[in-house]
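Let me give you the structure first, and then I'll get to my questions.
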C-alpha cells in the first residue's frame, strides 16, 4: 500500500496541470485545493480568481465558501461580480477554468443541476453557478471528479455546462470561445479528448491503478489513448504541502466564531 | 441702472429653480454657477452630480472643466462614468438636468453640435457630451442661455438634444423618460412650455426688462403667457454669494500650477 | 432632510408585502440574515425570492413557507452540500410548491445590471451548450445589429425590494460597504425600494473617494442591526461561521428538526439580538 | 515573471502602428499627454483616434497630422471654447481630412463597456430626440425580446491600443488609480493592447481591497513618466493647469502659431521631462 490516498494523488495530479503564471478561475471544493497546492509548490505566480471577485488571492487556508473573508484579505483586489463574468471571463481573459461536477459524459459535458427529470428530480443539485460560462469561455478547462459509473456517465441527466457537445468539432461551431475540457482528472487517472472525435480517452494512470479499474469506474466503453502515461506519485513536498494545507483548513473551519454582540 | 448685471440675474433666477434636496445633474458653465449658488444659499442639501462621476460634490470654486480635482475632493463619492449614465440617469434617478446650449428652438429642443450643415459646418461646436441623455431622462430639465435671435431660433441647424420635439405631446410618445424642459432661463427672463402646444412662452421677466425686449431677442414670434411674473431682483445674499464664488474661481484659475518635476 | 433611519421591523412591515418580488443579496459576504428572519417572523407569504446563491437564509424562508417562486443560479450550502429545505420544496412541494426560474451567475449578474441601468433586458454571450434555455422560457436570444451574431438575452431583474447588509450608514441614508460585493450594488440600483441593515450608523461616513457607496436617494430605509449578517460575515467586523454552515446540514435535514430550530431560535426571538443570544445559550 | 516595465518610446514604437485604432482615455483627469506627444514625435499617421472628450491632446495630434478618423462625444476645450485644430480639420480638412464618428457620452461609455465585456454591441435607451443617428450609421436599434421596446444599439469599441495614465504601477504591471476614473477601466479592458504611463513604479502596490486596479495580465507595457498627464492632472500629485487650458485657445487659434509651439515644445523635446523643462523656460 502506498503512503498516499487516491484523493491526494488526484489533487496533486490536478495541481500539476497548472502552469506558473496562468490566470485560473477556480471552482470551490476539489479544484480549490488543487489550485492552491499548485500555487504553494511549482506555480507561485499563478493568478487565482474566485467568482466572488477576489483576484490574485493567496489564502492560507482553503475557503469553505467561494467568498470567505480569507479570499478577500489575501487578494490583490476585489471586483464586483458582474465584472468577473463580463470583463474577465466573457472577454476571454481567463486561461484556465477549473471545475468540479456531479456527472461528466464522454464528450466532457457536465451536469451539476439535477439527477432525474428536471421537473421531478430524484436529486436536486445546486445548479450552474459560474460553471456554464467558465466552461464556455476559459481558454481551456480542467475538470475534477471522483470516478464511478454514476459520475462518468454515458448520458447526462441534464447538461449544465458544455464540453465538446456531441464531439467531432461541434463545439468549435458555436460561440463558445474556449477550447473546452483538456483534462478530466479522476481518482484513477486522467482522461483527455481524442483530437478528432473529442471523446474522452484514458491518457494517464496513477501508479498502482489499472486500465481495468478505469474502465470499471466509467459508465461508457472507455477508449485508451495510444500511449498511457503513468503519473509519478506525489513528491514529499507536494504531499506535505497538501496535508499541511488541509490540516490548517480543518483547524480554521472548526475554530468557533465569536457571535457578534 | 441696477446694481446687478443681467448675467447675474440670470444665474440667480436659475438657482432659484432648484428645490433643496433635489438630485441635480449639472452641465458645465452657466448651469454650474447657478447650481452652486443654489447650494450656497437656499438649497444646502441639493445633490450635485457632474458627469465626471462626482456625486454630491461641494466645490469651493467653480470648476473650469467638468472633472476638476476640486469636484472629486469635495464629492461624497466618485463613480465610473458608465454608472453615471446607466445607473443614475438612464434609470431615472436624477430629478433635474441643468443644461446650456448654443441654440434652443420654440419647443425646447437644443443644438450644441454644429452651425450650418453637419457635413460642411460653418462652426463646429463641441457636440452632445451628456446632453442628449440628460435631456431625455432627467425627470425635468432647465436650460440656460443668453438670448439673441441666433440662439433662440425658429429652426435648429442640428438637433442635439430633444425637448418637446414637434410639441403637442410628441415627446410623451417616445421612450424619453423625463418631462422635458420646464424652464428656459435667459438674460431677460424665463420661458416655459404651454401645457398643450408645448411651445415656449414668456412666463417671467426680470425687473427692468420688457416683453418687447424679449420678443426682439427671440427668433420666433414669442407668445406671452396669461400672466407674466416679474422676478424679484437678486437679494443681497444671493449677489454677495455669487460674486464671492466668481472671485474665488477667477483667483483659483489664475493661480499658476507648479509644473511636475 | 428627513432621516431614513428606522427599525428593521418597521422597514420590513412598510416595504415587504405578501406577493412581492424580494432580493436579499450578498455574495457569501454581507448576507442579510436578520432581515430574512424578520420577514419570517412577520409571516410573509407568496414571495418571489431572487438571489444568485439562495444560501441558508432562503433555505429558512422557503422552509417556513414564505416563498412561491425562486430566481437563482446556484442553490447549495457552500462547501457543505445541499440546501435540504430548498430541495424538499422542489422535490416534494413541502411546505408549498416552489416555482423556479433558474439561471447562471453570469445571467443573473447581467439581469441585475440591466435592471440597475433601467434597461428591459441584458445581452450576454452565455447559456452556451447548456440545457437551461430548454427549461427556462426567460432565456431568449437577440441578434447583434452589426455582426449578426446570436447572443443570449435575459429580462432585467427589478425587485420590488432589495435588502442588503453593510458595514455602515449615515443618518441621511448613505451606505458604505467594503470587501466582497458580489452583485449587491446592481441589485440595489435595480430595486424599486431598498432596505439596508448596517453594523453601525454614524454621523458622517469616513471619506472614501472611490469607495463603494449607495447614495441616500436610492435608499428607502436604514436600520442598525449589529451582527445582522451572522452566520454570514461582515469584513472587519466578524468572520463567517463556517462551523455553523456545517451544522446547518444536520439541523435542516429533517422537517421536524428544522421547524423546532426555527421556532426555538427565530420565531421565539423578538429580534436579531435575541436570536444571537439564543444561539449563545446552546453554544 | 517578466517585468512589463519599459520606456514610453519603446512602448509606443512596439504597440502603436500607423493605421491603428487608438484610445487615449482619461476623463479630464489622468489624460496621457506624454504618450500623445510621443506618438506625435514618432510621426504616426492615419490613426483612428477614440476618446470621449478629445481635449487638447487630440487637438495637438490632429493638428500634427496623426489622425484620419475620430470617434468622440464632446470635442471642446472644457470651460474655454473650441478646439481650433479639431475644428480646422473638420471645417477645412487641415492638415488632412478627418472622418468623424460622433456619439453621446452615454453611447461611448456603453460601447467601451460592451468592448470590455467581449460583446459585439451595447444596448442603451439613448440617442432619443437627436439627429445623431441620421449622421452616424453606427447608431442602430435593437428590439427587446421580452417587451418589444426598440432601443438604441452601438457597436462595441475595441481599440487596438488603449493608453492611460495612472498614479502607480508595480513591476509586474499591476496598475492602481484613484480619483475621477471616467470610462478608463472599460477602455482598458476593451483594448487589444494596453499601455499605461504612471507617476511612479513601486515594488508593491499599497493594499486597497476594493481599489481601482488594472491587473497585470491585461497590461502590455508600463512606463514611468512623472508629470505625464500635464496639463491635465493627477489626483494627489499635481493639479490641472486651468490657466494653460485657457492659454491654449490663443496658441492653437492659428496654424502657424500652433506649429511653432509644437515644434518648440514637443518636437524639439526628446521626452516628457524635456517638454516640461521647455515650458518652464517660457513661464
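As written, the chain order gives the labels A, B, C and D, with residue 1 at the start of each chain.
FYI, a residue touches a chain if its C-beta (ideal position, glycine included) is under 8 Å from a C-beta of that chain, and two chains touch if they have at least 3 such contacts.
Note that the structure is predicted; figures quoted are calculated from it, not measured.
Count the touching C-beta pairs: is A-D or B-D ahead?
Answer by contact count: B-D.
Please work out the Cα centroid separation of subunit C and subunit D, and write it as a whole number of Å.
Between these chains, centre-to-centre, one finds 40 Å.
What's the distance between the Cα centroids of subunit A and subunit C, rounded to whole Å?
28
Would you please write down the residue numbers of subunit D that are in contact with two or more other chains?
Touching at least two other chains: 117-119, 124-125, 149, 151, 179, 181, 185, 209-211, 235.
Which subunit A residues touch at least two other chains?
72, 78, 86, 90, 137, 177
Spell out all pairs of chains that touch, sorted by label.
A-C, A-D, B-C, B-D, C-D
In their complex, what parts of subunit A are in touch with subunit D?
21, 23, 45, 47, 55-56, 72, 75-78, 86-87, 90-93, 137, 177
Hey, which residues of subunit D end up touching subunit B in the complex?
Listed in rising order, the residues are 27-29, 52-53, 72-76, 78-80, 82-83, 86-87, 90-91, 102-106, 109-110, 112-113, 124-132, 135, 149-151, 179-183, 185-186, 226-227, 230-231, 233-235, 237-246, 276, 279-280, 283.
Can you list the residues on subunit A that touch subunit C in the complex?
28-29, 51-54, 63-69, 71-72, 78, 80-82, 85-86, 89-90, 109, 113, 118-133, 135-137, 158-163, 165, 171, 174-177, 252-261
Under the stated contact criterion, what part of subunit D meets subunit A in this complex?
Contact set of subunit D toward subunit A: 1, 116-119, 174, 185, 189, 205, 208-211, 213, 215, 217-218.
Quick one: which bits of subunit D touch subunit C in the complex? Just the residue numbers, please.
Residues of subunit D touching subunit C: 117-121, 123-125, 138, 140-142, 144-147, 149, 151, 153, 155, 178-179, 181, 209-212, 235.
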